Amino acid sequence: MSERVKEILTWYGSDNPGTLTNLARLMNHGALAGTGRLVILPVDQGFEHGPGRSFAMNPAAYDPRYHFQLAIEAGCNAYAAPLGFLEAGAREFAGQLPLILKLSNHDVLLEEKDPAQAITGSVQDAVRLGCVGIGFTIYPGSEHRLAMYSQLRALAEEAKQRGLAVVVWSYPRGSGLSKDGETAIDVTAYAAHIAAQLGAHLIKVKLPTAHLEQAAAKKVYEKEGVPTGTLAERVRHVVQSTFDGRRIVIFSGGAADTDEAVFEQVRAIRDGGGFGSIIGRNSFQRKKPDALRFLKTIMDIYSGARK
Amino acid sequence: MSERVKEILTWYGSDNPGTLTNLARLMNHGALAGTGRLVILPVDQGFEHGPGRSFAMNPAAYDPRYHFQLAIEAGCNAYAAPLGFLEAGAREFAGQLPLILKLSNHDVLLEEKDPAQAITGSVQDAVRLGCVGIGFTIYPGSEHRLAMYSQLRALAEEAKQRGLAVVVWSYPRGSGLSKDGETAIDVTAYAAHIAAQLGAHLIKVKLPTAHLEQAAAKKVYEKEGVPTGTLAERVRHVVQSTFDGRRIVIFSGGAADTDEAVFEQVRAIRDGGGFGSIIGRNSFQRKKPDALRFLKTIMDIYSGARK
Amino acid sequence: MSERVKEILTWYGSDNPGTLTNLARLMNHGALAGTGRLVILPVDQGFEHGPGRSFAMNPAAYDPRYHFQLAIEAGCNAYAAPLGFLEAGAREFAGQLPLILKLSNHDVLLEEKDPAQAITGSVQDAVRLGCVGIGFTIYPGSEHRLAMYSQLRALAEEAKQRGLAVVVWSYPRGSGLSKDGETAIDVTAYAAHIAAQLGAHLIKVKLPTAHLEQAAAKKVYEKEGVPTGTLAERVRHVVQSTFDGRRIVIFSGGAADTDEAVFEQVRAIRDGGGFGSIIGRNSFQRKKPDALRFLKTIMDIYSGARK
Amino acid sequence: MSERVKEILTWYGSDNPGTLTNLARLMNHGALAGTGRLVILPVDQGFEHGPGRSFAMNPAAYDPRYHFQLAIEAGCNAYAAPLGFLEAGAREFAGQLPLILKLSNHDVLLEEKDPAQAITGSVQDAVRLGCVGIGFTIYPGSEHRLAMYSQLRALAEEAKQRGLAVVVWSYPRGSGLSKDGETAIDVTAYAAHIAAQLGAHLIKVKLPTAHLEQAAAKKVYEKEGVPTGTLAERVRHVVQSTFDGRRIVIFSGGAADTDEAVFEQVRAIRDGGGFGSIIGRNSFQRKKPDALRFLKTIMDIYSGARK
Amino acid sequence: MSERVKEILTWYGSDNPGTLTNLARLMNHGALAGTGRLVILPVDQGFEHGPGRSFAMNPAAYDPRYHFQLAIEAGCNAYAAPLGFLEAGAREFAGQLPLILKLSNHDVLLEEKDPAQAITGSVQDAVRLGCVGIGFTIYPGSEHRLAMYSQLRALAEEAKQRGLAVVVWSYPRGSGLSKDGETAIDVTAYAAHIAAQLGAHLIKVKLPTAHLEQAAAKKVYEKEGVPTGTLAERVRHVVQSTFDGRRIVIFSGGAADTDEAVFEQVRAIRDGGGFGSIIGRNSFQRKKPDALRFLKTIMDIYSGARK
């Protein structure tokens, strides 16, 4: 095992060897194995946005097996999806790549200012499907956030007892925040910190903007001169906010119109000390050869094979 | 066992042999045994609409035994009903046809914009009554939908552990949707996809119209040119949206004034790759000989015995 | 055992011998033993309306033992009451008459448009008090109805596992209904059907009027010519609506100013195929000798000893 | 054991010998041992009203041990308090007097029209602290009352299984009642009856006024001429309303400006057939010697040593 | 063990030896070991206010290990933090200082008038991390307070069974109180008393002002002449209100602009009979050498080494 992976595992001193084993599997799989960087393929857009909006531009992606194959061929570290999508391929692709079962989902057939979630899978489901971990989304800023934190904690406790890793999507939304505030640097750092305090091993947030949302935070950031001018600086602040870099934090893209813009973001994540990317729509909403080229470029940036 | 049934069973690679056995029983019973097509008789209208509205036009149907007999004589693949109706015949007709216990129901003595449900049976009830599976309704679009998804998931997990199949009625309704939206093609495909992601083996939706309800979906459907002009095309899109055809999707009739119109719909389901029909009121609200003729025609269309 | 009781037991083919035994005890006790008709004494008015309003006109009835004695002397099939009243006599009268423990109650110290209930006893309480069954009230039409259905179902499942009978009071009330609607024939039939679908062995409803409450039902009743002109016809329709007479349905009085009016109602119940009466206030709110005469007349009408 | 205590125990025929033993301990302790009358010291005012308002006039009472000592020296039948106060003395005074653990409390740092409660102790807490019983408050008339009834019932079931007595404070309050209605004779009798129906062994209500709150009750009380003119008559009606005197009912003082007025009330309780008093603030809010004299007078009135 | 610690342990006569052992560990660790005084380091501000607002002024504090080291070097009695922060150092610092796991947290990404909380850890988590106790916050005055009291009680029961100590942060807030009322002397004393009644071993409140919030309390305080003029008097009243000094009460600073002002407060706590301080932001929001000097001064005041 690489020194870097060994080092990362030391950060999780309260976890049992079962969970460490699964964290190691996550970091030792695929094109970035051993680097301590990760690119994960998540596919819950069918549930979150609807199948037509998610897959019509690349109809091969309606088939749940497509995403297993894409993740394997691209050399992603893991594939994360809801119960149905994993059940539909877990036997066929058993042992071929690490899987993360998302235990919470939300749909948009009813839009709500303060999003809540359904529990759509169990820790036992993750175990029986051979997953390395569970995934869970929290919406800091929503009036339902406290219930979500409590649910996450209970599921995380069970997952850790059973040797699984805990991956948290922390997406600020709801009546506590302005639209700009959802990706503000102070809010993003706060959201990542909450996930870490709730016991997440791996945290996923959106790339932050330089906006400062909360007045009390703004005052401190300005007084202390927290550097937030460049994307790399903002990534660095998020990493710092999640236990000074002792938790794995990965990012999903902000608004990026071109592939080159995405690559620029990836460089910023790398340079800011981020651990990687979670890339969904940009992967499976294009034809597979194109997706493989696109993902290879990203992984090369992370591995240092490409600038 | 027919090759087609064997093929369908391969889609459920994460289920235990007990559940596969019950799925096979469902597909290997009745006039369509072995074809991979299904016609199921559901009778929960007494609960959902009241006994008078449901049975006064064919008073023999007040007797719970009537529906067992009708399903057996017609060669349906299964009979689905709430607890009371199944309890009233399960011993007498034990082993004569596959049964599905509906675990959720709703009545109309109070009309609500956002429907919720009562839990009206348990997985253990299904086991003690000799059922092959459980049934559950979700109402995507209702403000109670997330609670229903969570309940379904928990019941489905228990059912699968105990070797039962999971049948989900996915009926979009509630304040998230316009009246037309309830049967819109984008919404119907979305509702079927959610059921599949929640772990359903068999999904039942209403026949969709060409209406596109959600603006974000409409944009994609139009841009990508998703074919939705004919009923068969819309059925095909729903089938595609439920794991590219790797989950069993069946349909109930939309507004059909004449038998011939129903048969036209059935042809569209067949031609669009749908797996069959669930036919309630059109079966038990006419005299039995007429119902048997009617159901035979439908089954003949599915089996190919009739055009 | 009489042929009639044996026949009735065949309707409950999904119940275990323990429950059948208790159903038989209910039907084989008292003046109507073996006839398949029942007169049950219920006394929860102290809880539901207050002790003064219930017992001041016959102060002997403040004593919980009075009601056991009244039911025994009158030859009622069973005595139904809440926890406290049964606890206060169950040892003294052990084995002398079948008891039904009511597990739900409601008081009127706060009046609500949509009634809910407290759970006031457990299945285990019913077992330890030697009861033959549990009782539970549902209020179809109330916004709390779905929670009540779910509670009933769970308690009924436990009761059946432990060999008890399940008696359901189905009282339409709440914001879904007009005042007249609470006893409308369509609503009463619907309420009885719901109780049967939820697994009740014995259902208690109020005597229905000829009013038709729900527009969709009214259309069908008028089109199909469902006979609802006389009370006996309406009783017959309710009986038909509860599994075509294959569940025991009994009735409580509507507005009856004189004893003779009550007897007329009893004749209508008998002639319409109803299974009996549940007679509370008309029994214990008069002096005991008068009550015994009154109940004897009713039982004679049911047994055929009197016209 | 005195004949009176033996007689009272016969009223609880459905309880196990463990609970009877604890009821006997309650009646056989202190100055009124064996008389069937009780004076209980309750001290939850620190939680209910705040420590300053409760103890500043007698600062010795801030110490939890004070109340154990006061109850022992005065010869009270029992001492009732919340978890913290009992934990702070249960070892030191183990076996020296019967203890009742109050399992519910409410504070006034937020005033609400419809009071609810926190669960502040468990049946297991009562067992480990050596208590003879549990205490619980219900607020008939509050919109939260049904939840409280259900909680009480569940805790009472557990307490009875474990051989403890169940003491219920029944305090009508909330949006269902006028201010006068909270102590109206019809409402007080109703509140006591509800507690008895929920399985209480010992019930505590406030002394009722002659006010009649509920129109339907008023009509009956006036028609039947229920005597409510004197306090003794009202006590008698409350006793009658709790199973015709077959449950133990005790009273707390109404507005009493002088000690003599309290003694007058005690005489009325005695003459009306009440079982005793629960005396909190009048005991611990005066210096101990004064309190002992005051309590002795009350006990002498109950025992007959004083007129 | 010092006589003072032995004496304090006698106050907890209802706790098992396991809990006493952990209380002793708390009192026998660090610079104040054996004195019966405590200084505890709490670090949940990252969760409660956000990481930037909490740590930007001393970036070393982003690292969870920093706080363990600070507490050890300063000789604090214990370190209290949420799950994530403790998990990130519990192995590395195992056995080096007593830990308290905070089981409840709240964030400010949504501000609410009536604060509620998430459950962010379990008693089992505290056990597996080697903690001496659990921490929990209640907000008396919030409309959610009763639910929090009930949760605390249940967690405290479990913690005591497993030999842990229970530490309660009692912070009056919410619609029941004015802004000034949150730190009023009557409210603070009440809040501390509630925590003690709920079974807390160690209670943490804010330093109270002389404001009297509740009219009924004000009347009594003024009539009885409760001394509240100086801070030491107010501390004394709070200590008196928590079982006359038989529960450990510690304080956090009010508004203190200078270090000297904090030291003045500490002298008042000491002189008023308070048991110590909980010092968060004033410790970790300055450089470590400065923090160590600052904390040493405080401990010296408590130990008597400094006036």
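Per-chain numbering from 1; labels A, B, C, D and E assigned in written order.
By our rule, a contact is a pair of C-beta atoms (placed from the backbone, for glycine too) under 8 Å apart; a residue touches a chain by one contact, two chains touch by 3 or more.
Only a predicted model underlies this, so the values are computations on that prediction, with no experimental measurement involved.
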| item | value |
| --- | --- |
| Set of chains adjacent to subunit A and to subunit D | E |
| Any chain that touches subunit E and subunit A | none |
| Fitted rotation between subunit B and its twin subunit E in degrees, CA, nearest 5 | 145 |
| Same-residue or different-residue interface between subunit A and subunit B, half as cut-off | different |
| Inter-chain centre distance, subunit B versus subunit D - centres from mean C-alpha coordinates, in Å | 58 |
| Euclidean distance of C-alpha centroids - subunit B vs subunit C, Å | 36 |
| For subunit B, residues contacting two or more additional chains | none |
| Subunit D contact footprint on subunit C (complex, rising order) | 46-47, 49-53, 56-57, 59, 62-64, 82-92, 105-112, 116-122, 124-125, 128-129 |
| Touching residues on subunit B, where the partner in the complex is subunit A | 11-15, 140-143, 145-147, 149-150, 153-154, 157, 172, 174-177, 186-187, 189-191, 193-194, 196-200, 214, 216-217, 220-221, 223-224, 226, 237, 240-241, 243-244, 246-247 |
